[in-house]
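Same chain, two partners: chain A is paired with chain B first, then with chain C.
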Partner chain A sequence: MKKIELTREDILHLAKLSSLKLTDQEVEKYCNQLGETVEFVKNLKELKTDVVIPTSQITNLTDVFFTDGETNKRVLTKEKATENAKYKKEKYFVVKRIM
Partner chain B sequence: MNLHGKSLLELRQLLTDKKISEKELNLYFLKRIKKYNPKLNAFITVLENNHSGIPYGAKDIFCTKGIRTTAAAKVLDNFIPPYESTVTRKLQEAGMAALGKTNMDAWAHGASTETSDYGVTKNPWDNGRYPGGSSGGSAAAISAYLVSAAIGTDTGGSIRHPSAWCGVIGLKPTYGRVSRYGVIAMGSSWDCPGPMTLTVEDNAYLLKQIAGQDKYDATSSGSAVPDYSNEIKKNKKFKIGIAESYFDGIDDQIKNQVYKAIKVLKKLGHSVKPIKLLPPKYSISVYTILQRAEVSSNLSRYDGVRYGNDRSFFGQEAKRRIMLGTYTLSYGYYDAYYKNAQKVRTIIIENFKSVFKDVDLIVGPNTPVTALKIGEFDKYPFYGELMDQLNEPASTAGIPDLSIPVGLDSHNLPIGFKIMGNYFDEANILNLAYQFEKETDFFGVIKKGIERYKD
Partner chain C sequence: MNKLTKFKPVIGLEIHVELKTKSKMFCQCEADYFGKEPNTNTCPVCLGLPGALPVPNRKAVERTILIGKALDCKINKISKFDRKHYFYPDLPKGYQISQYDEPIAVKGKLSIFNNQYSNQSQNSNSEFDKNFRITRVHLEEDTGKLLHVGSDTLVDFNRSGVPLVEIVTEPDFDNSDDVKVFLEELQTIIRYLGVSDADMEKGTMRIEPNVSLIKLNLLQLKNVKRVPGNPKGSVKLPKYKVEVKNINSFRFVKDAIDYELERQIALLEKGITPKQETRGYDPDKKITFGQRSKEEAHDYRYFPEPDIPPMTFSEKFIAEIKVPELPQERLDRYINKFGLREQDAFVITRSLQTTNYFETIITDKVVQEFKAKKKISNLEDHVAKIIINKKLSTDLQVRAFIKKTLEMLQPKETDEKLLNALIDRLIEASSKAVEDYKKGKENAIMYLVGQVMREMKGKADAKIIISKLKAQISNPQLKSKN
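Presenting the complex of A and B:
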């Protein structure tokens, strides 16, 4: 089997998608480590999966809803929801400028 | 009164009989934590002013209202949850109170507690070794009797693995048996909270308290919760399966103890037969792909805006997992990795289902080796997956699996034994473990562990 190699560019692209800042050393390390892992999981190709239906959840529960009229006690007040934020104005989260 | 080594239910009885007060009980364990935790580092947070309720240890992945919850990650160093997880709330309702939040691998990523941003937990049996993980703090805390019981979470072995390495009893229930609401998410289609205890009765009791449907976790099951404490005492004989593929590459001393335990089961009148299970290596791959994908999605919420610190606070292991998950989910690779792994997950589920038509329970070794020395983590490029290779199949299928101690190796380190059951068949798993406990007292392992840590 051909060894899969992740390039520096691949790693930097993944870091961008994941919103992670990596040092040069980390980039190099992940090139190797991710490549090794990807190599290992190739063993799944030994099994025939053409006609198998994928499993995305194992409980087989469907259409799980709240019963009508039930109250959702999870709701947090604005004060509670914002109490852990480092930057807030009144009861709002402060974020960086987007535009 | 001498409380040393008493089980959770024994302590509860003493409270009911008013032979001790809740305050005395909490002060007793606080004193022990003060004495031994600096050495073991089993707790990240100790609630020193908590003097009421029956004390237990809660893995620091359960949101506890008003009590800092970190998931052992500096990203959440300052996070004070504004709400309570269902599991810890249910335990409160049963008269229990978390005396501390136990250490773990950061975000529950790992099988050593080495990746904790708050330092590694030491194995109570040999302080130079790992307790296993990720619920290593919970396992170490009960093994050294810093609390009589603890709650952990298991995604790919995180309850069973440290239970094996620390010589205690740890149950990963069926996926959906126990609510995940308020548990900091790792792999959402895998995560299972479960009890870790010193006796099977305690385990059955705690499972009963925390199990059941929760309207705040849509994946929790409505299947009826049996009275496990009664179920374990029924006289039952089981058909037990053993898969040869679970013995490949396992340390000889572990194999020997496992065979010895199987002999005990035969002597108790259970029938044992060989079964065919897929080699664990496929579960490792399925787990690696799907769990990393779920991690990359679950950890994407940490931006430092609403709570916690920003993404520059992630440790190495979390970054590695996020990157791999992002890779396998990305355009061009999704079918080859993610979707294919989901298909193999189906194959593994079908494999277990067909085996359970033939047998009631499956037993075998829990870990390939006993506790490794601190620092050896780096020697194994695939450390976590290798250590959990025998645990990941049950996680992949979502079936329940229990780890119990069945002896010590030549280094005096505990050896774990697993009992897997069909979906929602925790009662029979615990029943067999209870029979084994009555017959062998786990060969004295649990008691020996506690005795090392005197009052």
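Presenting the complex of A and C:
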């Protein structure tokens, strides 16, 4: 299969957007693998789409709302809310200082 | 001012207003997060847990339409939400649900009346009313709150997902005074609509001005002078703009803009184009400062929110959302119907609480009956002055306020006999004042009036006293006594 060449910069940019840390080897690896993947997606181009209306919705629903002040059935206790956090302090989630 | 003849300021505004709904924007958590223990007001939706499905709050959508209508916007018949991506710890999903190319409302305007210009000769012939174009009004969700402590940043998601309306103006402003007046008007409107406290200090209203300058030749300057929104007068926008964030009062917005204009002019005069950036504002030092830019800030990768179906608004639905009387209309009504002076009408209409209190008093049945019976045609003006001059506090219960007001407005009934006797006595006792008056010292009579008033404990009409005093002093019978 013919494949698209992705550059190191492409991969690093995508890694940044995905919040991933990649080693040099991984960058190399993804240059190849991701190129193949993108090439595969290109198969879609074989489909005749000129009569299909573009959409971002597939449910055909419109105007789905809830009523303000409805009972909250999903509220989490403070223990539950922070339960899965890697770092927490008292009731807060904690990240490395950003400012 | 002199420097500005070479560079014309180009200022636009981004205003965020937190809506006062019961629930958050996309979940049923409480929108009121003030004073709550951290992370006690969250659910899978506003914590951005995988698989949680956001559903829009109908009231928040209606209130955004209401703001759009109040700002003379066109309400889009079809509107949708989009995802705006960026990484910051206050945003648990890695994206904010916002609106991109199909916002709820577009193309509005807001007029202000900035009477500062009445003193400027260059504008003496022009209208003081100015229009500023509103680009769009859209709906999004607020982020969590960050607290920086030591080497940590603490995150509280109680505010995450609170409905947030963004109002964007065209860069139609050319001075910070207009910005301040515009913001005060907008805040008053928002409060009249009852959709938000719009409190700068509490952060339920936030302003981000963007500031730049364009170099103009003299001819262009003439053409663009104070015609915001006029396409004929428009020139190409500058190639850069500086956004100022984290400002928590209108005064600081003005100061920040003034500082930025000075800073940028200094650069431009040296031939340097200011850097496109986001700056913070330090109110103590009255300066703006460069902030570390959010990485990839302009790669938001907007795309339609697949989890929320589009919204469609029928003509009927839009028409049923009614805009109440707005501050400017109310001000006009007070002037035209009640004969209030413009500055009095302005003071009363600025605060929703004050104007509503005023309305309650003047429309009260007892007050209306009193007005008709005593034929006090300018009763409303009297009530306005009582409020403005703080003769009575608007903290009073309505009934108590009305009782005291009616006492104050009760025409003075003078006990004629008592008054005549008193005047005679006083004239005899105060020969010095009487002599002074006769010698032409008009003021001397006021001393006597004061004496009479004191004796009568205020239960006499000053005009009647003066005329009686004058008559008695020039009474020949009295003269012969001397």
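In this section, the second predicted complex is superposed on the first by the 89 of 99 C-alpha atoms of A that agree within 3 Å, B and C clash if a C-alpha of one lies under 4 Å from a C-alpha of the other, contacts with A are read in each partner's own complex, and residues count from 1 in each chain.
The criterion applied here is as follows: contacts are C-beta pairs under 8 Å (C-beta built on N, C-alpha and C of every residue); 3 or more make two chains touch, one makes a residue touch a chain.
It should be emphasised that the depicted structure is a prediction, and the values quoted were computed from it without experimental measurement.
Look at A:S19: by the touch rule set out above, it reaches both chain B and chain C.
Residue contacts after overlaying the shared chain place A:R74 against chain B and chain C alike. In the superposition on chain A, contact is made by A:I11 with chain B only, not with chain C. Applying the stated contact rule after C-alpha superposition, one finds that A:E90 touches chain C and leaves chain B untouched. In the overlay built on the shared chain, the residue A:F66 is in contact with chain B and with chain C. Set side by side, chain B and chain C differ in how many residues of chain A they touch, and the one touching more is B. Within the superposed three-chain model, A:M99 lies in touch with chain C and out of touch with chain B [touch as defined at top]. Once chain A of one complex is fitted onto chain A of the other, the partner contacts of A:Q57 extend to both chain B and chain C. Taken together, the two complexes place residues 17, 19, 56-57, 59, 61, 64, 66, 70, 74, 76, 81-82, 93, 95 of chain A in contact with chain B and also with chain C.
Against chain A, in their complex, chain C makes its touches with residues 21-23, 27-30, 37-45, 47, 52, 55-61, 80, 85, 87-89, 94, 146-148, 150-157, 292, 295-296, 299, 301, 303-304, 306, 308-312.
Only residues 16-17, 19, 56-57, 59, 61-78, 81-82, 89-99 of chain A touch chain C when the two sit together in their complex.
On chain B, the positions that touch chain A within their shared complex are 78-80, 82-83, 175-176, 189, 215-216, 218-219, 221, 281-282, 284-286, 288-289, 296, 300, 303-308, 311-312, 314, 316, 319-320, 322-324, 326-327, 330, 337, 339-347, 349, 381-382, 397-398.
The touching residues of chain A, counted against chain B in their complex, run 6, 10-11, 14-15, 17-22, 26, 30, 33-34, 36-38, 40-47, 49, 52-59, 61, 64, 66, 70, 74, 76, 80-87, 93, 95.
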